[in-house]
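As written, the chain order gives the labels A, B and C, with residue 1 at the start of each chain.
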Amino acid sequence: MSRASTGTAAARAYDVRRRRAGLEAVLTYAGALLLAAFILAPFVWLLISSVAPLADLLQRPLRWIPPHATWERYHTIFFGADGREFRYALRNSAAVAGIATSISLVAGMLGAYALSRFPSRGRTGLLYLMLATYMTPPVAILLPVYLILSRLGMLNTVIGLALVYTSFLTPFLTWILKGFFDSIPVELEEAAMIDGATRVGALRRVTLRLSLPGVITAVLFGVILAWDEFLYALIFTSSVAAKTLPVAISEFTSRHAVDYGLIAAGGIVAALPPLILAFALQRYLIAGLTAGSVKG
Amino acid sequence: MADVPDRTTGPRRAPARWSWGLRRAALPWLMLLPALAVVGGVVGYPFFRTFYLGFFDAPLLGKTRTFVGLANYLHAFRTEEFRAAVVHTLHFTVGSIGLELVLGVAVALFLNRPFLGQRVLRALLILPLALPTVVNAVMWRWIYNPEYGALNALLTQLHLLPGYRTWLGTPGLAMNMIILADVWKNFTLVALLVLAALQTIPAELHDAARVDGASATQRMRFITLPGIRPALLVALVLRTVEALKVFDIIYVMTGGGPASSTKTLSFMVYQEAFSFLKLGTAAADAFLTVALIMVFVGVYLRLLQSRGVAG
Amino acid sequence: MVRIRLVLALLVAGLIGMAAAQNVTLRALFMQQAAYSDADVRSMTAAFEQQHPGVKVDIEFVSYEALHNKIITAAAAGAGGYDVVLFDVIWPAEFAKNNVLVDITDRLPQSMIDAVVPGAWTTVTYDKHYYGIPWILDTKYLFYNKDMLQKAGIMAPPTTWQELLDQAQKIKDAGIVQYPIVWSWGQAEAIICDYTTLLSAFGGSYFDMGQPMFNQGGGLQALQYMKQSLDRGLSNPASTESLEEDVRRIFSSGQAAFALNWTYMYNLANDPKESQVAGQVDVVPAPGDGTHSQVSAVNGSMGLGITTGSTHPDVAYQYIEYLTSRSVQEKYAKLSLPIWKASYDDPAVAQGQESLIAAAKLSLAAMYPRPLLIQYPQFSTWLQTDIHRALLNQASPKDALDNTAKQVTQSKLN
């Protein structure tokens, strides 16, 4: 209801504000759509490519929505002979991520508890030193690690790769967990101990329960980071005994570039576990990201 | 440790003070030991081994190691390949960090206001973040395909481009396209970090400022930016280190080409060690890369401290 | 009674011992889509395992780019690596010098050496020693689309490189296809293969007494030819991003009239399940320049070798002997031509691919090697980069090749 024709300045200001609000809303939703499109478009295209028949993908000019969908590629990946390597890679990725995260979680929790409850400059310095190892490009330590693994007979094994992964998961998980432990007041543990529990008992009853969100966050990051890793897996694995998904996918594309849709399907399957996990636990994901940064 | 009498005959629950004291001191170190062992064994020891190798002429196969002092390091500075790799790495780093910061902050500011669908959009940010790097690289490589790629199709169908282009086949352009793919995935990290920081800035601050007559830009300068500075710096450090180390996306998208224009430091080290079998020079180059990373981090830490932000 | 039981026990123990001694697991490293498909290699291996009970072979397939590095890293680790590896013609020098492969000169009977196509042995030899048995005898041929040539009024495929450009121009002008020629000029070994073919056609050479010769004469002409074909719009610009499978994909979807590719493409391009131009594809040897050569070819063969770290060299030798045997090779001749001279006169081998066999007879005889350098990978990387720079207009062909030559002499490559 426009009151522009009736005179007061206040009324005019109100209308200006309403129009600006209207414009703002339009811009906001346009911006939202743009952002959503920017994020979704490449991924949706990958999805479409995975079910589009090859002839449609190779057609010029390109048709964006193919008339028929083919699930043959997913069938190949999950049941076909050509998908055998991929299935093994899926199993290996899960195994390596699981083992590496478990070990790092234990080491991280112990370390984080120590750092949180027994703060000392020396130990904090060590934490920063551990975090500083992220500055080392993997190529720098590749060969000595390769030789060590080979001498221990752990090349091309899931456990060997998982051990290597713990080296870069542990500092990060320790840091996240320390942040969570810091947020649990010491008084609660001390109260439990006064009530007669040992430190270990206090740890179990109070701290662990309260730090469950922290543990979930740590596990989430551990799995995502381990699933993502490429270079170590490339060099340290050579057969289906231990080859992980990123390596399997990179091999799909090099000399085997026959069916682009199959590569797309492989990518989707490889991406689903971390994506599903991250979406389901997004609260924890955000918490983990901000745990360290907001406090600086 | 304090000098206290032996009370080994005391009650089990309350051990003698001296052993409790020792345990108290040793316990945290013991708890930290597994983490230290893992990191030290897998990263620490090999790190020093590689450093040591940098001073030798060490062919990958064969046991001969000839001490050459600083020759490998000097060789690096003299060769065009190394200088080019540094340039490419910096191109990638500056390009992707710059875009990620700008886009990330913009998106964070945008998503900080409540509107319908804001929650959904925030959740969407997770998609690129959790997508594995190799899948991201493969996805964009398909989009950039010179014959059948979606980018070519889109731009030509919209008549923005006269014909199909070889995005990853042109030096200079190839690296920029890789940067785009990397930014798509990683701007979300910046956005999420900054968004979280924005949400800790109390709304009252903005309201009070507005009442005092501050303009939007003034509010940005004096309230918003200082509020997100720590988050920005964390994002900056994390992303810079990752960018300087970049390997996966290069390997999958271009393998270092075209005309070696996307060959970054990590890729060069990989090639030197495994394709040319020259461990000594590869080790020296790897160390120079680490040095470069340390320089950047050092600069950032200096920035952190000079602005008086807790760090 | 006791005696018989004792004898029986000893017999059983002996048999078990023999069986246990025969329980060998070999680890073999192959390349994906290396002429033979992965499935083919698996069937060959299964047949071998049947013939040799107690022997099992674990096979791995990697991309070509990963093959070299995998062999090297496994060798660096010492024992526990592969027993048998597939290696490229450009690596024997490096592998021999670095003691990666076993010298099997003494195992090869002279009769076998004589029965194999002569050019094939260069694939596995260095310094007069044999480090393996050639398995995939391969070179690049000129594939062309018969229908497209006909539509442009061209009666016969080109016999010189210049003629190729002229025919391509005709096809382009007739509007049949935008970029008539497609090549695998991505920055990888593939581009060196094409460059070598052209270099040999124009009468060039790589080195003479250790001095670089490729930046002049035939070598320079080769690069100028490549550049010219791109500048005139006759070669697909996507070539500089393409590898062999991309070339096959583009050619098979009817987007090129000419392509230079390996043997394996012939049957796949004519397979209706894999190609949209099945039945239209024919092949001739890569042309010469008319003056220095009538045909040109690069030696792109691969051989099977035994690693020095293998703990079962005898069984490994049996395995590679089996795979390279005439019967096995002829059975799979549709994807890779046999190394045995006699096979080429066998009608069963030629059936269905007569033009390929005819072309092979000429091309295989003209195979030109890439430089036998111990540090070949380094040389190749320099050359790839500089050729690319010339093709992508970052340097003139002369300057680009001079740069490579300079790097070679400066580093005292041997």
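Everything below uses one rule, namely that a residue touches a chain if its C-beta (ideal position, glycine included) is under 8 Å from a C-beta of that chain, and two chains touch if they have at least 3 such contacts.
Keep in mind the model is a prediction, meaning the values are calculated, not measured.
Listed by label, the chains that touch chain A and also chain B are C.
Chain pairs B-C and A-C differ in how many C-beta pairs they share in contact, with the greater number at B-C. Note: centroid distance chain A to chain B, computed from Cα atoms, is 14 Å. Chain centres here are Cα averages; for chain A and chain C they lie 41 Å apart.
For chain A, residues touching at least two other chains, in rising order: 58, 143, 235. Counting partner chains per residue, chain B has residues 60, 147, 274 touching two or more of them. Multi-chain contact residues of chain C (touching two or more other chains) are listed as 65, 73, 76, 246, 249.
Put simply, chain B touches chain A in their complex at residues 13, 24, 27-29, 31-32, 34-36, 38-39, 41-47, 49-50, 60, 107, 110, 113, 115-118, 121, 123-135, 138-143, 145, 147-148, 150, 153, 156-157, 184, 188-189, 192-193, 196-197, 200, 230-231, 233-235, 241, 244-245, 247-248, 251-252, 265-266, 269-270, 273-274, 279, 282-283, 286-287, 289-290, 293-294, 297, 304, 309-311. Within the complex, the chain B residues that touch chain C are 59-62, 146-147, 164, 166, 168-171, 254-260, 271, 274-277.
Within the complex formed with chain C, the residues of chain A that make contact are 55, 58, 81, 143, 146-147, 150-151, 153, 155, 234-235, 238-239, 251, 254-258. Chain C contributes residues 65, 68-69, 72-73, 75-76, 94, 98-100, 186-188, 237-238, 240-242, 246, 249-250, 255, 375, 377-378, 381, 384-385, 388-389, 392, 394 to its touches with chain B in the complex.
Chain contact summary for the complex, chain C toward chain A: residues 29, 31-33, 39, 58, 60, 62-66, 70, 73-74, 76-78, 80, 243-246, 249, 253, 274, 276.
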